[in-house]
């Protein structure tokens, strides 16, 4: 698009046309299953059958990868996490979404609508998909007494030196900031995603100290599960689903939401500003948050569904309870991932905050 | 019209010249391998290029075959200018020193190759291949692979392969170099016989003077990329044009300066072939009718070495002033009495056997 | 005690025997390359193994060097049983046919190698390497790489490398095979000279009879893994023990059965050396004193081929009943008048030159 | 060289140990494909054949295998063509910059995959995208072929060095045109080298992940990418083991054939 | 013997060289140029969009930030260690295969070395992750000796990389050893050298180019790896990881970082080319 900043990202369509017969998707592993991995897990083929839109899926490993894939303009829609959404909006790679064209939008938990990480100037830039918190997991046989604070992986990390684990991404700096909010009020951190230089430095110092005790940083399921299963890691951040899977392997682990609260993620299906198949993309958006499919995804991936009605569709009746899907109190303690930008997200006007690029460099330094 | 006539005339010479090189020069980078060579090989001639290692013989042959392009000069085959013609369109075949048989083909397929690439029908191809194999006495080996043959047999396959479509010229690069002596002598006879019966022009490269002398109709002695002398074997041997030819073709006693004056009696450079010197007892006059006639020279020396070399014995004789002469003597009859190590001995030769050579 | 005495006695024979093979046999799978060979090489002797390709010469040499283990038999070096000794502990060095110079070392390092591995100090090592290089006239080439040398120079480096620590025995496997004729003759003289001055025992392998005849003190003729005859060159040439030896060492006219009766006048197998036959005009009696005396045989034939081979001319003569004789004649004096192709010619030889050979 | 018995035994032991180390992880993969424990827990909590059943019914794996085969074959074909031409030029001709050519050809494989990957990615985006060619199988093939060329180049080069140039000359001498010489003499002599080189190039392409990640388009999932994605999926890791185990077992056949065909050489050169 | 240029052969040469060189230039060298050129651009820090303004800030940052130097050095050391380990393993193994084992054994042995190349890089790396874990096979095997496994970290990275690239080293060394003429070894023994001496003075110099050739693979593959590090590296960070993490965020910075391995490897190639390595690949 040309012209002013507002034009960036184009406009949401007013009405939908016929499907283009094809849609290209970027998704987290497990978000767009077509039965090829497990014949019983398939919500792509029914979609294709129903809409005539052929689905091509590209699985991305990290948010950064999603951003760069979106920049190619070859994809129509993406399941972006909060640490990617703002970047996509700002760069104009994602278009605003006309929620009227997504019938199931009305059943989405209100707490997920119009959030800083999925909207701008009151316009939604995607449809919320699901959410989860970054919990604290530990081996019950090795970590005693049971921890209830992030302190266990920061100031007290030395107790498990070599066996602490942390999520391998710059966004993990927010976890440190979150801990510092309580542990060091003097720093004045209000929002873990709005750090000025001094606050960032403090977080980085803390992380460098933690680095000495870290055994490994994890970035995918499998690594984290084997590490806890084998005892290479005994304490660190996790997702609910990993905790469940590890338990299923009969490993003595437990995951808690520490008293400081936690960071978390909420994924949003966004549409590319250059989408070649916008009609199919909208059909996908509606399909993926429809109660039944939303429930299927949430169970398969292990997260809280975004559609209120999905809780009735899960095969495990306890799923929504386990993942706190409708527990807004629980999620109030969760600070969802948001891309840090120069403009402080906590409203401070007297200073500039550090942006994601600075966080990235800081993260490189933390790991050394 | 005029052109046709010229053609016709060239056509006439064709019947006599198989290969002609005119001022052919070949440089490899800074090395001049062939230096302005003029050469004419007549049809049905057995022509040999003889010279030491690195003299440019192979390069000359490869120029004729077309594997190398001359830096300057012109090459004719049967009167046609082929300087720019690629190898596969020249009517000349090569027998390579390493034979270059195709390892993945049977003997038969190797031999028939020249016919195969010309699209000759299979039946005819095989018939002619077998004919060629019969010529080289290998008809029982058609289905073997080259790896299953001995050196001499491979050599014959290479020969049959090159002969199968009767080329105008056969180029042979030290074809017998890898064979042992007995086999080599056998193959020499066969090659010569083959050339006689087929009437094909043979252009042979060798550094073996015996081979050159016994097989060739004419020899060109090559040195440092130039031809020093061309002529029939007897002429090259008996009347060497240069001291180099005298020394390279056969062994000889070269006498220069002071030595020439002392031994030959005249200043200059002279070659006396060892087989031309007669050994006599120093007391007796040399045997035979011409003994003391004019034109015969006699000297006395001391034998320093006697080597029995089968058909002949080689004597090394020290003359009074330190000159040395080698003398060859066929082991036909008994030796003069004094022909023992350290014995005094008389030597005599015809004056005209002390042949002056430009040095 | 008894043992010491035995040792001492063996020690005495040491001064005379350099290499001894006793009933040595070597099989490669089903191929018997060496077949119960007994062989004694004396100290400071120049001993040659002569035989056709594939006769087992190289295998014999490799057995002596220790690269192969005999299937049966016993090998002694200087009186010590070395049958089970690895090559690097035998006091014998080899000059390989392909030289086997170490490509990554300079000439100097190559030559000094035997000293290097013995831990000789650098200064001495270099001094002795240079000495060896001087012996082979290569002192200016010390720092070159083998790839930068010509064939003859490499050959000399290989020689220097094998000579540098004065081994008791030097084993040479066709060391001159890859050189051209002129260079080969030069190197033959040098090798012989070197052997004389160093006093080292040389055990040479060749298939070149000229080389064997001119260089050796003694020759063993090998055929099919067996030794057919051992003796000094003159003896092997003049009194071949078998028809094979007669044919392989020098060319000869072999006459068998009917032919023998017709030509030699007696039944049996006979060898007449081509150089022993005298050519005469058929009318005249043979020239010289012994002309018509008893013990001399004269026949008449027709010349079918004359080849001028430098120092001598080779005649092929057809006798009346289809027998063919080759006659060699030194190019010393004029030929008999009738010595032209197709001319009638007389041949005569001493009866004792028709030498009976067991066939 | 005659080695003492001890030396031979020691060498044999080192080799056996080396091979054992090479195969222990592979055995583990095989074992884990029967491991009831989903995250390869050690020691296995039990044995099960369900992963094998799952793998055999996995459309994703089958499709990825097909994509990999397609990409590998196409890249190998291109590499065979280009590599042979380059080897011919370098080994049968003398020209200025001869050594530079071999140097440049080695670059794509010598430079880290991530560098090649992002370079190709950047180039495709700036060059191919505007003319309407998106990322897909085509771009993967281009990326793979680029680093496969050198493998073929090396194999053919090594063979050419050993084929006497006089063979081709003899052929021309006997009247064969260039294409006839190639068909009757050169190609038969190079066939096994082509096969060995092609097989290695194919293997390299087959197992490539980094460059593929950066050059593959949506829906283009080669086997390594499928493996990568599925290792990160909650329930799929054991199925990946089954696929890997199958690959090892099946690959013995072509490797063995390649060795047989080129028994005169080390059989494949990198 | 390569022929000297003549008009005809020059045409053929052009025909032969044009396709591969064109491909190489268009598909590869061009891409590299584009990448390295983009190192001189900037990135919008928020949107990750490339801003086409010419500057050298990226290189400045690269050279002045100590952490990059640390990472580069660590990567280099790991690549060197992997190469050395592979060379030390490959030499005796290849020697045994080419010169000690009987002829009949050579082919099966070679097949045995080559087959693992098909198993899939990631699968093997994950298998090692399982083996190197706290309760893994390695730990279990070492426990009776009172030893601990290396755990995840730099040592594990070196082990796994050395394992992954070992066939790439064995292959050229084996080829060189097989080509080494028996005569050379005989000549050495003949001149009095024992097995060790021959090994040192004749065999090693002869296989040196092949070792360098193999090292081109082990060295450069290690230099650019980032997946193995993620799997068994624990908290280790290598150049590849940094580049990978920057690619999506800040392409110009990633490009500048890429220049480091490119320069290292081009220097390395130039060095080993003198030793004849490129002819022994």
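What to note about this one:
Should a chain be cited, it is by its letter among A, B, C, D and E, assigned in written order, with residues numbered from 1 in that chain.
The rule we apply is simple: a contact is a pair of C-beta atoms (placed from the backbone, for glycine too) under 8 Å apart; a residue touches a chain by one contact, two chains touch by 3 or more.
Just so it is clear, the structure is predicted and the values come from calculations on it, not from any experiment.
The fewest steps needed to get from chain B to chain C, moving only between touching chains, is 1.
Here the chain-to-chain distance from chain A to chain C, counted in touching steps, is 2. Using CA-based centroids throughout, the chain positioned farthest away from chain C is A.
Set side by side, the interfaces A-E and C-E show unequal numbers of C-beta pairs in contact, with more at A-E. Chain C and chain D, compared by their mean Cα positions, are separated by 56 Å.
The distance from the centre of chain A to the centre of chain D, with each centre set as the mean of the Cα atoms, comes to 37 Å. Mean C-alpha positions place chain A and chain B at a centre distance of 90 Å. Shown for chain E are the residues that touch two or more other chains, namely 3-4, 126, 130, 133, 135-136, 186, 188-189, 247.
Within chain D, residues 2, 40, 42, 228, 231, 237 each touch two or more of the remaining chains. Residues of chain C found to touch two or more other chains are 86-87. Here chain E touches chain A in the complex through residues 43-49, 65, 67, 70-71, 126, 129-130, 133-136, 151-152, 230-231, 233-235, 237, 242, 245-250, going by the rule given at the top. Across the interface of their complex, chain A is touched by residues 37-42, 45, 54, 57-61, 63, 125, 129, 134-135, 216-219, 228-237, 239 of chain D. Remark: chain B residues 65-67, 86-89, 92-94, 96, 98, 100-104, 113-114, 116-118, 161-162, 165 touch chain D in the complex. Chain A contributes residues 62, 64-65, 67-68, 71, 86-87, 90-93, 162, 168, 211, 214-217, 219, 222-223, 226-227, 230-232, 339, 341-342, 355-358, 360-361, 363-365, 367-368 to its touches with chain E in the complex.
Put simply, chain D touches chain E in their complex at residues 1-4, 7-8, 11-12, 14-15, 18-19, 21-26, 28-29, 32, 40, 42, 78, 81-83, 85-86, 88-89, 91-95, 99, 101-116, 118-120, 122-124, 126-127, 142, 145-146, 149-150, 153-154, 157-158, 165, 178, 203, 206-207, 209-210, 223-224, 227-228, 231, 237, 240-241, 243-244, 247-248, 250-252, 255-256, 259-260, 263, 265-270.
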